[in-house]
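What follows is a set of notes on a single structure, which appears directly below.
For clarity, chains are labelled A, B, C, D and E in written order, and residue numbers in each chain start from 1.
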Amino acid sequence: MQLAVIKGSYGYHPENKVLSQISFELAQGRIMTILGQNGIGKTTLLKCMMGLLKWQEGETRVDGQVFTSMLDRDGIGYVPQAHKTVFAFSVFDMVTMGRSRHVSIFGMPSKLDREKVLEALSIVGIIDFKDQLCSQLSGGQLQLVYIARALANEPKILIMDEPESHLDFKNQFLVLKLIQRLKDEQGISCIINTHYPEHALRISDDTLLLGKGQYGFGPSHEMITEANIKDYFEVNAKIYTIPGLSNQKKAFTVVD
Amino acid sequence: MKPITRNNTFIVLLLGLLIVFSFASLFLGRYYVEPEHVLKLLWSGLLGSPLDSVDKTVVLDIRLPRLFIVILVGAGLSVSGAAFQGCFHNPLVSPDVLGVSAGAGFGAALGILWTNGVTGVTAAMAFAFGLLSVVVSLLLSRLKNESSILALFLSGIIVSAVFNALISLVKFVADTDSQLPAITFWLMGSFSNTTFEDLGKIIVPILVGIGVLIAVRWRINVLTLGDEEAKTLGINPGKTRMIIIAAATIITASSVVVAGIVGWVGLIIPNLCRMIVGSDHKYLMPASCLCGAVFLLTVDFIARVLTPSEIPIGILTAIIGAPFFALVYKKTEGC
Amino acid sequence: GETKKDETGEASKSERTITDLAGKTVTLPAVAEIKNVVIIAPPLLSTYVSNGLSTDNIVGVSAIALTEMNKVLLDYFVPNNKEINTTFVSSAYESNAEELLKLDPDIILVYGDTQKKGLETIQVPVVDFFIKNQVNEDWSVQIDQLMREIFGLEDDNSLQQEWDIANKKVDTILAEVGSIKKQKGLMIMSNTGDKITVRGAGTYGDDWLVKSGLVNAAAELSGENIEVTMEQLLAWNPDIVYVFRGLPAAQYLSGSIAGQDWSQIQAFKDGKIYNTPVGIMNWGTPCADSPLMIQWLVSKNFPEKLSDNEYQTILKEFYERRYEIKLSDEMIQSILIPGSGK
Amino acid sequence: MKPITRNNTFIVLLLGLLIVFSFASLFLGRYYVEPEHVLKLLWSGLLGSPLDSVDKTVVLDIRLPRLFIVILVGAGLSVSGAAFQGCFHNPLVSPDVLGVSAGAGFGAALGILWTNGVTGVTAAMAFAFGLLSVVVSLLLSRLKNESSILALFLSGIIVSAVFNALISLVKFVADTDSQLPAITFWLMGSFSNTTFEDLGKIIVPILVGIGVLIAVRWRINVLTLGDEEAKTLGINPGKTRMIIIAAATIITASSVVVAGIVGWVGLIIPNLCRMIVGSDHKYLMPASCLCGAVFLLTVDFIARVLTPSEIPIGILTAIIGAPFFALVYKKTEGC
Amino acid sequence: MQLAVIKGSYGYHPENKVLSQISFELAQGRIMTILGQNGIGKTTLLKCMMGLLKWQEGETRVDGQVFTSMLDRDGIGYVPQAHKTVFAFSVFDMVTMGRSRHVSIFGMPSKLDREKVLEALSIVGIIDFKDQLCSQLSGGQLQLVYIARALANEPKILIMDEPESHLDFKNQFLVLKLIQRLKDEQGISCIINTHYPEHALRISDDTLLLGKGQYGFGPSHEMITEANIKDYFEVNAKIYTIPGLSNQKKAFTVVD
C-alpha cells in the first residue's frame, strides 16, 4: 500500500493555516517519521491524512485513489495518544475493538477475531495482563494496548502519534524494534510523529520536517542533519555516532 | 469468582427470577382464583377453548396480557437506557433524553383533550408525537455543522422542555373535571386495564427494538471510545447511533403508549446492572434487559396486590427502586 | 384587618361583619350596595341561583360553574350566562388580580385557600365557604345559610326544610326495607377509559351511598379519587354502580369501553349502572339540589319502594317550589339522564 | 473586538435592558393606569404616602412586588445554574440536580393537601423539603467512601425521583376538585398574585445567595479543573462546592416557594451566556445573573399581558426560551 | 524546605502493594529524579507524597513535620501530565489559577497575583500566547502552561510527572535549563518522574530507582549505572560521554 499527500492545507481558523501545501509520498513497507516543534501541526497532519479532519485544499491518496475516510477503506491502523476512557474495559476487550471492521453491526467478534487479538497481544508483549482493566493501567501500559489494538486489524500502514511518549526506554526500545519487525516481516508501513530525532534516525526511511511556513521531506539521514535541526528548531544540535558500539548507532543531543 | 462466570451466573439468576415471578403473578391477585384452576385455565387457554367465567376473565383477560406488557416494557426501557448510556458516553442518560416521553405525553394529552377521553386516538397520537420529538431533536442538533453529542443533548433538552411546556399548556386549557385528571393519571403511568389488544399494538415494535439493541451490543462498546476513535477503527459512529436511537425511541414510544410515562427504570436499572456486571455491553445489555423485566414485574405485582387501590407504577418504581439502588450502590466498589 | 375606607367615606355606617365557613370574620358592605358579585367556587353559583338572587349582579364566575349546570336549564337559571366574564380566573381557580379589578367587584365568593390566593392585595371582601366534613346535608345547608346571610334573605325558605322533607321520605323507605343484607354500591369518581377511580370511605360519595341504604363496596379505601383495577372490581362485585364523571353509564352497559369488561359484574347483569343526574349542577357533589339526590338514589336502590313516576313528581314539585320552573318531560329527561338531550 | 471588551459590553447591555424592562413592566398590564399616574404613584410610594385607590393597588401592590420577585428569581436561578455547571463540570446540570425542586414541590403538595390550600404552611414546607432533599442527596452520596461528583448526581437523581414519586402520590390522593388543580398549577410555576409579603420572605436569602455565588466566581474556575488538580493548587474542592450548593439551594428553594417550579431558566440561560461570554466564570456569573433577570422579566411581562387568565410561567419560559436558544446556539461556534 | 518519605507503602488492592516501605530524604535545593518501568508506581509515589493518595503505611515529612495534604501547607507546586480541560480558559487565566492559595474564597486575583503570573509566563517563555485558549494548544504547549502555573505560586519544591513527555527536544532543553536555573537562582527543589536517564544524569542530584519489590536511592551518578539499569529495567544500556563536546555531557542508550 502506497500513501501520498498532495498539496494538503489545513487551518483551524481561516486566516491562519497550520499546514499549507504539504506534499509527500510514502512507498509500501517504509517507515516515515514526522519531526517538528510543539504545536507546529504534526497531530493535525495525521488527522487530515486519516480523514478525521478534512483537508481544506489538496488530498490524501492511497494506492493512487483519493482517500477521504477510514470508514471507506481498510488497511490503515491508528494508534492514538494514550488517554483514559469513561467506561472500563479489560485489555483483551479493548484490543478486540481493533477488529471492529470485521464484526458486522449486529455481530460479535468471532473465534478468528479473538485469535488475532491474542496474536496482537503477544506481539506487543502484554498478553500477561490481558484481563486487567484499562482504567487501572499506567500511561505507558495503555500506550502498548493501543498499539496492540491497531495491530489486531492487520494494517498495511500504521499511523502513530508519539507512540513512545509515555513509555520507559525499555518499552520504547521494544516498540521501535516492533515497528522495525513489522516492516521487515510483514511489510507494514509506518507513519510516526515523534520528538526523538534519534529514533527517527534509527528506524525511519523517510522523514518529514515540519516548520513554520516550510517543510522538508526526504530520506531520514538527509533530512535529520545538524543544519536542518538548526533551521527547523532554532537550536544547536549534535548528531554523532555512539562510541564503542559495533553497529554505528547514531545519537542526537542538543548543545548550548 | 471470575468476572465472566459471575456475569453469566447473574444473567441466569435473572432469567430464573423472571420465570418464577411470571408464574407467581398469574396465580396471585386481588381476586382469588384457585391455583389448580389457574393451571386449568392456562391449559385450556392454550388449547383455545376456555370456559367463560369470572376466573377466566381474571386470569386470561386481565392478568395474562398485563404480565406480557409489563415484561416487555420493563425489558425494553432498561435495555434502551443501557444503549443510550453507552452510545452517549454518559451514565446519567435515560431513554427519553431526546424528548420521546415528553413528545408522547404531549400527543396523549392532546388526544385526551381532543377526543375527551383515553381512546385509540390517544395512543396513536402519543406514538406519533414520541417519534416526532426525537426527529425534531435530531434535526435541531444538525443546525450546527459539527453535530456533537452535546448538541444532541441540548436539542433533546430543548425539545423535552417545549413539549413539557405544551403538556402544561394542554393541562391548563383542559377542564379540571375530567380532562385534567385523565391527563395527569395518564402521565403517571399504569398497567391497569391493559388488554391483549394493547399487547398486540406493542409486541412487535418492542421485541424488534430489544432484538436490535441486544444485537448491536458489541458495537456500543466501540462507541464508548468516542467518535474519533470509533472512526479510526472503521466504525461510523453516527450511523450506529442512529440505529440505536431509532430502536430505543420505538421501544420507549410504544411503552408510553400502553403504560404512560414509566420513569426511573431506564435510568436506574442499567446503572444498577453496571455495578454488578461492569461496563461491558456484551453482558450489560442482556442483564439490563432481564433485570428491567424482573424489576418492573415485581413492582407491578406490588401495585396489583398490595392495596385494593392501584398505585400508579411510576410512583412505585421510584419508591421501591430508590432504596434498593442505594443499597446496591453502597455495596459495590468503583462506579 | 383594617376597615375598608370607601372613597365616598360614608358607606361605612352600613357595613356589617359576618363569620364565614372557614371561621374568618369578614366585613361586608350593606346588602343594597352589593352590586357586583364574583363567584369563583362552582357550587356557590347554584346556591346563589337557587335562592332566587338576580344573576344580573354576577359579573364574574369560573367557567366550570356554568359547565356544571344542566345545559337545557342553563338559560333559565343564568339568563345572562353569555355576558358574564369567565376569563379572569384560570381553570385552577387562580384569579388575575388586574383582570379582577376591571370587574370592580363588591364581594368575592370562594372555596378554600387556593381560590383566595392573590385576593389579599385587592381590597374587596372575600367570603370563604370552606368546610371539610364530607357530609352532603351539612355542607349544602351551610352554604345555603351563609349565602342567605350575605344577601340578606330573611325568610326561612331555607334548604334545611327541603332536607327535612327528603329525610323523612328516605327514612320511611329505609325503615320499610329493614336490615336485610344491604346491597353493595359503588360510586365511580371518574373513568377516563384507561383508568377507573372510585370514591372511598369518608367522602361525599360514600355519604350518598350509605345514607341511601347501601354499603360502599370501596369502603376499605379512603379518599375521593382512588384508582382501582378491573380485577379489584370483580372482587368487590358491586350490585349498583353510580357514575359521577368520565365515560357515561351507557358505555359501561353497552360494553364499549376498550379494556374494561364489565359484563361479569352484578350491576351490569342487572342493568344497574347510572350516571349521577345533573340539575342546577351535577348531583354528585353537594349543592342546592342535594335533597333531590338522596331521594333519587333511594328510588334507584329500591325501585319497588319509590317508583320512577313517584320520583318525577317529587322532582317537579321541588323545582316548582324552589326555582319556579315547570319542568317539561324533556327537561326531566335532561336532568335524570344527562347527556341524552341535545 | 477583544473578548474582554465584548464581555463587558454585553454585561452593560444587559444592565440597560434590565432597567428599561423594569420600568416598562410597571407601566403596562391588563388594567390600564395612565403613565403619569404611575409616575406619581411611584413617587408618592417612595415618600410613603400614596393615595388609596385601585390604581395604587395595581401599581404598588400588584406590579411592584411582582417585578422585584421576577428579577430575583430570574437572576437567582440562572446564577445558580451557572455555578452548578461550573462546579460539577457539566453544562447540562440545572440548579435542581440535587433534588431541591422535587423536594420543594413535594413539600408544597403536602402543604396543599394538608391545609387545603396554598398558605403560609405550604411555603414553609416547600422551603424545608427543598433543603431537606439536598441534605439527603449529600448524605446519600457519602454512603461511599470516595464521594465523587457522579455519586452526587446519582444521589440527586434518586432523591428527585423519590420526591417526584411522592408528589405523584400526593396528587393521586388529592381530591380532583380543588387540591389536584392547586398542586398541578403550583408546580407549573407562576408569579401571579405575589405580594410584598412574598418578596419579604425571599429577598434576603436570594440576595445573599446571589452575592455568595458571584463572589465565589473565580474559585469556580479553579473547580472546573477537577478535584485532584484543585487540591494540588491548595483549594479544597469539597468545601467550595458545599458553599456553592448551600447558596444555590437556598436560592432555588426560595424561588420555588414564591413562584413554583420555574424550570428551564437555570439550565439554558447559563449555556446561552457561555456561548456569548465564554466559560470564564468571572464574566459568566454576572452575565448569567443579569441575563436570567431580563429573560424572566420579558417572559413574565408576556404572561401578564397576553391573556386574561395567566399562562403559567413555566410554560412560557420553555416556549419562548427554546427557539431563542436554538437561534443563539446556531449562531455561535464551539460549545 | 526539606522533604522526606519514611517507610511509605501503598497499594490499590489490599493483596498487591505497588509501593512498599519506601524511604528517602531530599534536602533543600536539590533535584531528584525518579526512574522506573512503566506501571512500577512512579505516579503513585508522587500522589502519595502530595497527599492526593493516602499512605497506607509510613508518612511524608516536610521540614520534619508530618505532611498530609497540600491543602494544609504551602510551598509545594505540582505539574500534572498535560491533559485537556472541559472548559476553555486562556493561558493567562490558567496560569493565574496557580495563585489560588493567595486568593480568598470570595476574592479575585490581585494586581500582585497578576504580576506573578506574568513573571511565571515569561520565565517559561510562553508570554507570547498568554491570550490563546488552552483548549487550542498542542500537548507540548500545554505542558509549559502547567509548569508556569506551578511557578506562579513561587513554590519551594516542584513536583513534576514526566514534564518532558510531550515536549519537543527544544522545549525539553528549555524546561531542563529552567529547572536547573530555578534550583541555582531560587533554591527550588524538584522531584521529577522521567523516562530519560540522560536528563536525570544531566540535572539531578539524587535519583530514586523504583523496581519490582526493590528500590534504590542515592546520588544520581551512583544510581544511574549500567549495572543498575540492567537490574531495574532488564535491558542492557550504555552510559557514555558524548564525544567532541567540551562539557563532558553524559548520554544513555539501550543496546541489544
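For the reader, a short list of remarks on this structure follows.
The rule we apply is simple: a residue touches a chain if its C-beta (ideal position, glycine included) is under 8 Å from a C-beta of that chain, and two chains touch if they have at least 3 such contacts.
If you're wondering where the values come from, they're calculated on a predicted model, not measured in any experiment.
Shared contact partners of chain A and chain D comprise B, E. Common neighbours of chain A and chain E (chains touching each): not present.
When chain centres are defined as mean Cα coordinates, E lies farthest from chain B.
Compared with chain A, the chain whose C-alpha mean position is the greatest distance off is C. For the interfaces B-C and D-E, the C-beta contact count is higher for B-C. Between chain A and chain B the centroid-to-centroid distance comes to 45 Å (mean Cα coordinates, whole Å).
One finds 82 Å separating the Cα centroids of chain C and chain E. A straight line joining the Cα centres of chain B and chain D is 32 Å long. Chain C and chain D have Cα centroids separated by 40 Å. The set of chain C residues touching two or more other chains comprises 90-92, 190, 223, 225-227.
In chain D, the residues that touch at least two other chains are 172, 176-177, 180-181, 184-185.
This structure has the following touching chain pairs: A-B, A-E, B-C, B-D, C-D, D-E. For chain B in complex with chain C, the touching residues are 29-32, 53-54, 57-58, 61-63, 112, 117-120, 172-178, 180-182, 185-186, 190, 192-195, 197-198, 304, 307-312. Per the touch definition, chain E reaches chain D in the complex via residues 50-52, 69-71, 74, 78, 80, 85-90, 93, 97-98, 100-101, 103, 105-109, 149, 153. Per the touch definition, chain B reaches chain A in the complex via residues 86, 89-90, 212, 215-216, 218-219, 221-222, 224-226, 228-236, 240, 243, 278-280, 282, 334.
Considering their complex, residues 91-92, 140, 143-144, 148, 150-151, 153-154, 157-159, 161-162, 164-166, 168-169, 171-172, 176-177, 180-181, 184-185, 188, 263-264, 267-268, 271, 311-312, 314-319, 321-322, 325-326, 329-330, 335 of chain D touch chain B.
Those residues of chain C whose C-beta lies close enough to touch chain B in the complex are 64, 67-68, 90-92, 190, 192-197, 200, 218, 220-221, 223, 225-232, 234-235, 245-247, 258-261, 264.
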